[in-house]
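Every chain is named by a letter (A, B, C and D) in the order it is written, and numbering of its residues begins at 1.
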Amino acid sequence: MKIGVVGASGYAGGELLRLLAFHPHFEVTAITAHSNAGELITSVHPQLQSYVGKKFSAFAPNDFASCDLIFLALPHGESAKVIAQLPTTSKIVDLGADYRLESADQWSKYYGGGYAGSWTYGLADIEPFKSQISQSTKVANPGCYATSIALGAAPAASIADLSDLVVVAASGTTGAGRSAKISLIASEVAGSLTSYKFGGVHQHTPEIEQTLTKISGTQAKISFTPILAPMPRGILSTITAKLAKKVTTEEAHSLYVKYFADSQFVTVLPIGVMPKTAALTGSNYVQIQVAVDDHTSRLVISVAIDNLGKGAAAQAIQNANLMCGLDEAAGLRFDGLGV
Amino acid sequence: MKIGVVGASGYAGGELLRLLAFHPHFEVTAITAHSNAGELITSVHPQLQSYVGKKFSAFAPNDFASCDLIFLALPHGESAKVIAQLPTTSKIVDLGADYRLESADQWSKYYGGGYAGSWTYGLADIEPFKSQISQSTKVANPGCYATSIALGAAPAASIADLSDLVVVAASGTTGAGRSAKISLIASEVAGSLTSYKFGGVHQHTPEIEQTLTKISGTQAKISFTPILAPMPRGILSTITAKLAKKVTTEEAHSLYVKYFADSQFVTVLPIGVMPKTAALTGSNYVQIQVAVDDHTSRLVISVAIDNLGKGAAAQAIQNANLMCGLDEAAGLRFDGLGV
Amino acid sequence: MKIGVVGASGYAGGELLRLLAFHPHFEVTAITAHSNAGELITSVHPQLQSYVGKKFSAFAPNDFASCDLIFLALPHGESAKVIAQLPTTSKIVDLGADYRLESADQWSKYYGGGYAGSWTYGLADIEPFKSQISQSTKVANPGCYATSIALGAAPAASIADLSDLVVVAASGTTGAGRSAKISLIASEVAGSLTSYKFGGVHQHTPEIEQTLTKISGTQAKISFTPILAPMPRGILSTITAKLAKKVTTEEAHSLYVKYFADSQFVTVLPIGVMPKTAALTGSNYVQIQVAVDDHTSRLVISVAIDNLGKGAAAQAIQNANLMCGLDEAAGLRFDGLGV
Amino acid sequence: MKIGVVGASGYAGGELLRLLAFHPHFEVTAITAHSNAGELITSVHPQLQSYVGKKFSAFAPNDFASCDLIFLALPHGESAKVIAQLPTTSKIVDLGADYRLESADQWSKYYGGGYAGSWTYGLADIEPFKSQISQSTKVANPGCYATSIALGAAPAASIADLSDLVVVAASGTTGAGRSAKISLIASEVAGSLTSYKFGGVHQHTPEIEQTLTKISGTQAKISFTPILAPMPRGILSTITAKLAKKVTTEEAHSLYVKYFADSQFVTVLPIGVMPKTAALTGSNYVQIQVAVDDHTSRLVISVAIDNLGKGAAAQAIQNANLMCGLDEAAGLRFDGLGV
């Protein structure tokens, strides 16, 4: 199948290209990058030996005419303009935020600018999303934080109060994009932790609440504090909620194991073993641990993903696989880097 | 004044020696380290040029007879044995946990082994502790996490519900000690985040609750999840609690500024500026930011310290200054490293 | 084909398992680890989702009887004991040093202990090694430093004086193994550079000289200083030698490009683009740059590899492919991680 | 004494302010920063609690009229313009390169633009510079690489061939300045090593040769390859040269110890102990080790400094102390951070 990638010069775009080069059924035939058009792909992504000699193109709708599926990896607010120039029948996975929210008000509050509408939400490891994705030609790929937090909290719907979730999640620097800002230079970031978008204003908040409300049937609400961590990749999310009924750690763990029993990519670790972001680097896998804190009657959940893998490019490919009727794991059966 | 340091081969001990070399009124006359006795101090702490040629001694009570004040930096459970061999009138700051808890039950639950009793708690920047320290000859220096969390939550007693505090705090690796464990080697830690002591079992929990209960007059309770971060120093604590009354971010910020108005070391940053661990490295300073999350009616607090500075050695010296009737900032007026 | 791995609990062993899980023709049927026998593979290598539920075995010769090829990833001096218990016809790739040196004296000088002999040297990207490997059943996989330095210096034989090579190479911490030593804990290593095996004593010295002497036909000699770098993976080698004849950077670059024209894995970057270790992470690729320093009449070469990929496990698989008559790139056509 | 700092918003400027806040005899009365004029100092350097509430000024000559000494920390080529507006009698330490080179040709080759002339070279730990500095009102503070390399090579003049020095030196990212470039963002730098200014073109080359030529009396020549290391601070330089006469490691070490016997800041470590950049962080100290490689008849030298401390701000203060007739170590007697 022929694949196009629009916006391939960012970190998510680069990871998409890296993973697509492995894929047994996908062939990348069109690669565009607005500000890097004409440059060698390896001049931006020196790791992409598979693309040696190839260049980024400027976006030209014709280049995508023969594509079976197109990935968009654009800054938010940019996807609609590109989509308007593609055939309406194109299969599209949008890695941006533009089509994730079902509420125009929430879009307006957290992103601003014109609301583009909503597509099938591509949280590919759990229902009802997985089934919907298989029936869709347009899928909105979840945000990186949103993926880790929603997967971690979803199984808790039956035992904990999702109307007052508290989440602190730390992300590697690629989450902030490939952008020349003083606050992102290594000298500022190395050996340091700092919070940002502080006080409940991160734009993934409504996305997470939308997902958990849909799954639980009651209005979810989340206090979310993001942190920038001194590492290039990875998200570790710590989620806690008051227990709605008395359960033990063993019962909660068992519930989680059952919830993800059919998932090829979400692993609930043995009790006592903690998720570790490096174990997921470069992969589509998710590691989860859960415990009951008897002292506070709280459920505590720890979730690790790679923000560029499961949190962006790898889940996008999982979505594409489902949309194309392929094995959802095609091209994604490789382990994380570990160290 | 003559100063002794017992247990100087760990990271807190090394930082103590480093800072004491600056101190205008303290002279270190006895330095012991059990397992490194006889070795050059610089063979363990190569940065300590001020101590070139000096060696760690084995512990000998006579060496401490003439000391005006003694710092203990021992593994928990070890302090009492040493203290039994010192004159009962000795001024002592214990950097270990042994004398922090007023409840023998809590000691037994979180540490185990014989309960040693409790000393004045050395949270030197706030009352009632500061006044008590000035009157004491024995002070229990607070834990690193406990320092950052108690300082961050204390001012909130009048506006938020401290009976259901949620805290996620990440620490640099020196918090885990100078210990040869696979889980601490750089290959395992670099570029990775992982949680530990998961599910509300960290031993600083009762210490924090004891402090906040004392300050607020009502029983504080904390859900605390610690995280190991890929950096050598620093703790960033994110604290959140339900608001007990409606306040704005400006009002909360103003409350915090007033609370720490007399502190020389705790800085409430201008609204919107976030604490950053690297800014505190090597220092006794604390940076705090606070915001109201209207969406969830929660107060959110971010606190950064250096776990070895304010979180251990620097606060120990502040305590020693107060106990000795010196300016509390003597030898501690240097800024963090920054980068 | 059935594959065995002896010594799979170290970093090279873990990377071997990770890469072998991808391989289209290899199936891992025996996995041993002396000190971790009986433990889950994921308890040591939490990234290896492909091996969930599988355990390390103790070494039992029968388990390897049906293996088409066996990888040994043991500490040096251990391979011979294992080999003595395997059929003499077994195809073996030894990732250890035991069979790399053709000189018993050099073995004795740099390693000590009994000399085991020498096997075909598995520097798979260049001749005469590549052809020899294809004819061999026993191959000694090169050392990580040795791989990067020999590949970088080999093309220079015709234009520079290899009898006085100067090399400074820095390695990530996995090069020092999965070993619980104070000098390797993150607190000691983070944010710091330090040299080790200083003064020309690193054990890869004779291996590099042996290779370059064979290629150049004259006695190579190398001054080699290794450095421990604060990162988990990667080696960057800087190599310099006096020019034996006057050439320009363009001529030297062109010579390098030609030398590696047939290599699928060694990339000589465009002039001015520098090798970067992160671009190679997890891969079998090598990046090289070369320049002439007119001021000193020296050739300067920069080489980046992943010490666990090309420097160990990936090259071992390339060797296995050649030994088994497969495409040398089977299972190895994935790009480095990049960030 | 009253002190001015021109160009205080960069990393060297920030470190100067940090160190000057400690100094027993210096009071900073004027602080300018062109592009940050009017901003709070802590908005750029959040660690500088000692300067809370103070702002950067725009440069105004009158503000410096009463200064006893002025530090310039400007991009190269900018110092002369500022100096033209100051009294000719002002004591000045220029941290930039403008007055380091005695050869207009070398300036033109390596920097370009108008040649400003040369001042006393501020390599404060060794003669003849130290004596000259004490007699000077204008001092050119050495470059960071140049400091480490010249100090490391200087003692070798009597035993090794300085006409063919080979140096590979790796620097932390602050050496590249506080500049918003993609190549410096944490995602690009973290966990990776890469060389730059490759092929003998780094601008510190003539500065190092000038210093060593002056010391040795014969023309020094250096092949210098710089590397960007994934850490914020520190330089580790590896220097090697052919021995000019046969010496043992012990003899070479003894020579180095004697050479620096009078230096308060340069430490030749015991044989076998290696310099480590973290041990020097934030300090004016230098660690050196030396060995003879009998195999290649080469002297090998390892030198560690903090590029912002000894490599910039701390040595600048040492120079200022000498110029003002103070103890050269005033305000500089603190140890490195270590971890």
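Quick note on the criterion: a contact is a pair of C-beta atoms (placed from the backbone, for glycine too) under 8 Å apart; a residue touches a chain by one contact, two chains touch by 3 or more.
In UniProt terms, the chains line up like this: A, B, C, D = N-acetyl-gamma-glutamyl-phosphate reductase.
Bear in mind that the values here come from a model prediction, so they are computed numbers and not experimental data.
Counting C-beta pairs in contact, the pair that comes out ahead of the other among B-D and C-D is C-D. Taking each chain's centre as the mean of its C-alpha atoms, the one that lies farthest from the centre of chain D is A. Centroid to centroid, with C-alpha atoms defining each point, chain C and chain D lie 37 Å apart. Residue positions of chain D touching 2 or more other chains: 11, 172, 174, 187-188, 190-191, 230-233, 276, 278-279, 281, 339. Residues of chain C touching chain B in their complex: 11, 172-174, 176, 178-182, 184-191, 230-232.
For chain A in complex with chain C, the residues that touch the partner chain are 11, 14-15, 18, 21-22, 43, 45-50, 52, 174, 190-191, 232-233, 267, 269, 273, 276, 278-283, 285, 287, 308, 333-339.
Per the touch definition, chain B reaches chain A in the complex via residues 164, 166, 168, 170, 172, 187-188, 190-196, 198-201, 205, 221-223, 225, 227, 229-234, 236, 238, 240, 242, 249, 274-279, 281, 289, 291-296, 298, 300, 302, 304, 339.
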